[in-house]
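Mind having a look at this structure? Questions to follow.
Order of writing sets the labels: A, B and C. Residues in every chain begin at 1.
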Amino acid sequence: PEPKPAAVLEKSGWSFKPRGRLMFDAGTVNAPDSVDADTGFGNEVRRARLGASGDLPGGFGYKFELDFAGNEVEAADAILTYEDGDFEVTVGHHNNFQSLEELTSSLHTSFIERAAFTDAFGFERRIGLSASYEAGIVLAQAGVFTDNFDDTGTDNRGVDGRLVVMPKLGNTQLHLGGSLHYNELGEEDATVRYRQRPLVHFTSTRFVNTGNLGADSEFGAGLEAAAIAGPFHAVAEGYWQNVDMPLSENPTFFGGYAEVGYFLTGGDTRGYKGGKFDRTKPANPVGEGGFGSLQFNLRYDHLDLNDAGILGGVQNGYQASLVWKPTDYTLFSVNYGRMDYKDAVIPTADGDTDYGVDAFGVRAQVDF
Amino acid sequence: PEPKPAAVLEKSGWSFKPRGRLMFDAGTVNAPDSVDADTGFGNEVRRARLGASGDLPGGFGYKFELDFAGNEVEAADAILTYEDGDFEVTVGHHNNFQSLEELTSSLHTSFIERAAFTDAFGFERRIGLSASYEAGIVLAQAGVFTDNFDDTGTDNRGVDGRLVVMPKLGNTQLHLGGSLHYNELGEEDATVRYRQRPLVHFTSTRFVNTGNLGADSEFGAGLEAAAIAGPFHAVAEGYWQNVDMPLSENPTFFGGYAEVGYFLTGGDTRGYKGGKFDRTKPANPVGEGGFGSLQFNLRYDHLDLNDAGILGGVQNGYQASLVWKPTDYTLFSVNYGRMDYKDAVIPTADGDTDYGVDAFGVRAQVDF
Amino acid sequence: PEPKPAAVLEKSGWSFKPRGRLMFDAGTVNAPDSVDADTGFGNEVRRARLGASGDLPGGFGYKFELDFAGNEVEAADAILTYEDGDFEVTVGHHNNFQSLEELTSSLHTSFIERAAFTDAFGFERRIGLSASYEAGIVLAQAGVFTDNFDDTGTDNRGVDGRLVVMPKLGNTQLHLGGSLHYNELGEEDATVRYRQRPLVHFTSTRFVNTGNLGADSEFGAGLEAAAIAGPFHAVAEGYWQNVDMPLSENPTFFGGYAEVGYFLTGGDTRGYKGGKFDRTKPANPVGEGGFGSLQFNLRYDHLDLNDAGILGGVQNGYQASLVWKPTDYTLFSVNYGRMDYKDAVIPTADGDTDYGVDAFGVRAQVDF
């Protein structure tokens, strides 16, 4: 059997696993000189989480994790679950099934940040009730959701669903999925704002940004495809976000990415489980005579926030990352991205809004 | 022996138990249409706690629990204890012995919220030093207290005591108690404000509210009586809160409730331990072929904030709850209350201040 | 082998230890009557920490601790470590090697607060990368650091080093050390402010205070010497802090202390490990027929914030403490200090700025 962390305590029907993660990021952002932006060297504690998860007798389970990075406390998963055979019911604060990239733990992503559309369209955990069914190669998930843990007075009322098929063809793991999302913004004079940073999170500048848009509701649809074959993986997603605006034409924004990755170290492969990417476990870790795993990834990351007269800008990002995992629970990565912007919301001194931004970021990560 | 959670680690003189709880509430509040209040559907994370407790060698113990609900961090118990035979000394942030209902863990209450007076009179944990003596059917508790953990500059200086007798007559557990409380508000121009929500916590509206009252000190006295006999329990409390006001006559406000409950499932009974209600442990839990426990409760909840010329309003609440515990550590409840208000502080459009408010609340709860 | 807390879980290469501490302080501060200061009785939760530390396979380790005292959340150590023989590399939020007193855990200090200069000169944890080498009697530490966890936008860029020799002469543990520190304050119009409370932390008044000084960078140098011989210990440190001010002469402030301590209980000695003081473990703890350890300490605590035309004030503090440890993990202390101020920043009604302040503080402490 696989070695288990010391921290998992088990007794019939019970278990307790402390959960924690630390991610330290640093790097640079370079824009044309005359652009008024938070560029140059930056650093931050990207995530600093502490929590616990486990099983309870009777098929129940719990997970509660808090993030203390960035001088505020935010809840990550905070759930009560009930499992019965292929079905699982979840109550509490959890993700709304919005994309393979979003649902994959930040511990197991291939780049320092997820694809631009996941932040841009405001994906976040919300309080809700959901059910999932997983049997063989099929995973179906659906739920109703209200607000984020930190602000239960915002009157969001949403319904979300996702369907995944994940056949294994020989040694190749395939993943095909689609999801639909509808959220009513209950508040009077509600607005949405879609925007995104250039690859790295330690800058506060967003070169693409719709600004606040008066909105009644949002409708989203996403498509997912991925394949893992030994050291190789490929993944692509597209996501359409439509906004129901009370006073003007309804825009549909689009984001998506295509990515390939390859392990330079022998015997390594990307983890996959339950309709999302899972932990990479180096075949030859440090401490057992090995070097760990080294993975090289390339990504094209597209985000189009221009539609129906709204000029939020367009990003075409060309990104590369090198991810070194000495062991299962440690990770170091180097990331570079060239984001070509069209209609960027911050003009140069000449009024130019079409230019490129370079971002460079390194991460040190541990989880337990 | 009783099965123990996996999470309790023990070695001679040592133990460590992680502590956590999650409570998700949702429901509605309905007031007369013309009342300007936060009514309609609401939801919130009611409690989201993480912490630890345990024993240390030499008779010492510790408990430290934090609540992360509601976008702020609040300390619950944060104590160092020392036990020697029947005596226990406690240093730190803990409850001030103010009522059976308040001292009973929120995990084990029979309604979604405690009786109105416990919040109305501002019961909260404070930093202090207390001693308790428990032998046979007698429990005596007394302590001196300063301020709440979150604001140690408020200059509260209090002394509190409680006496309980808890005889067992045949199979019937009886509980009779009384408590006295004195708190000096040391700050210049100190005020108190007594107010309460209508049964549920996810609304921000209080229909009864004294407003800020200039005050030098508070004096409180409470009486407690309860009985548990097999599936049946009954409990009643009364609490008088007197305010020493420097510039006017001293008012005495009153709150109290009477409650009965009955388990519809065979073999179940309400837990009781150390002078307060304890965990209900279903005789036939889910996962062992049973349905868990189902308890039906009725409560009359009275609060009178009118006295000495102050018109804070009067509540007569008629409440019912159904509490389903599939297992020891999971709980779902449905709660309804009709609160008849007199002299409510929010008038209708006609200026009427005597009207009824309906509150409906459901809860999903897990602890570990 | 030494008894281990129940809470340490170990499996080959893995361990998990929950970490927590609670410190409750109370006492008084007395200044001349006409001084406008936060004097009289005060109390506070000094530290309330929760976290975890442990080992991971491959030589890696982690530690993450948060402090919830004072109505805000602050990160303490938040690190990923890698150990290879005598070398250890640390990434994350940790101390910058600034003095024996600062590096010694707050659990193991001999007074309720550390010597005045450690707070005055703004020692704090910062995010960085450091290496340490420990072999035989030599410990060498060096690192580069940016900002504090809670504010990664402050543009600090620092480099720090410390060298310690710690020979054992017979039964006497000696400690000789020195450290150098340079920090560039990257922000435009950056300032530093050096100030300190009178021994205890629950008052908000600082009688010595440079006020905000426009600054480009700080340079610090510290010397450390200590000896532990059975029940006796002596320790002295000096620290010079030079400020590079863009618009005026560069001041050099100085702080230091000399301290002796003695255990009144037989068989007790102060712990020492890895170039800093460690836990005192009573030879005859409560619970094993003993009384615990009782240690009496005297300290002269000097801080001079006058230089180059800046009149921040001078403190000469004469302090005594009695520290009772019933067991390894519990501590109670009584502390008294007489601080004689010259050029105090808060004048009396007569305009006098040379006067004495008395501080008295007690602490109750537990850690787990």
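The rule is simple: a residue touches a chain if its C-beta (ideal position, glycine included) is under 8 Å from a C-beta of that chain, and two chains touch if they have at least 3 such contacts.
Computed from a prediction, not measured in an experiment: that's the story for all the values here.
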C-alpha-based rotation, chain A on chain C, 0 to 180 degrees, nearest 5: 120
Proportion of interface numbers common to chain B and chain C (over half same, under half different): different
Interchain centroid distance [CA atoms averaged], chain B/chain C, Å: 40
Where chain B touches two or more other chains at once, by residue number: 9, 18, 50, 73
Chain A contact footprint on chain C (complex, rising order): 9-16, 18, 50-52, 54, 56-60, 62, 64, 66, 73, 75, 78-80, 91-93, 127, 146-147, 149-152
For the chain A and chain C complex, residues of the former touching the latter: 3-7, 9, 18, 20, 22, 24, 26, 42-45, 48, 50, 68, 71, 73, 202, 285-288, 326-330, 364-366, 368
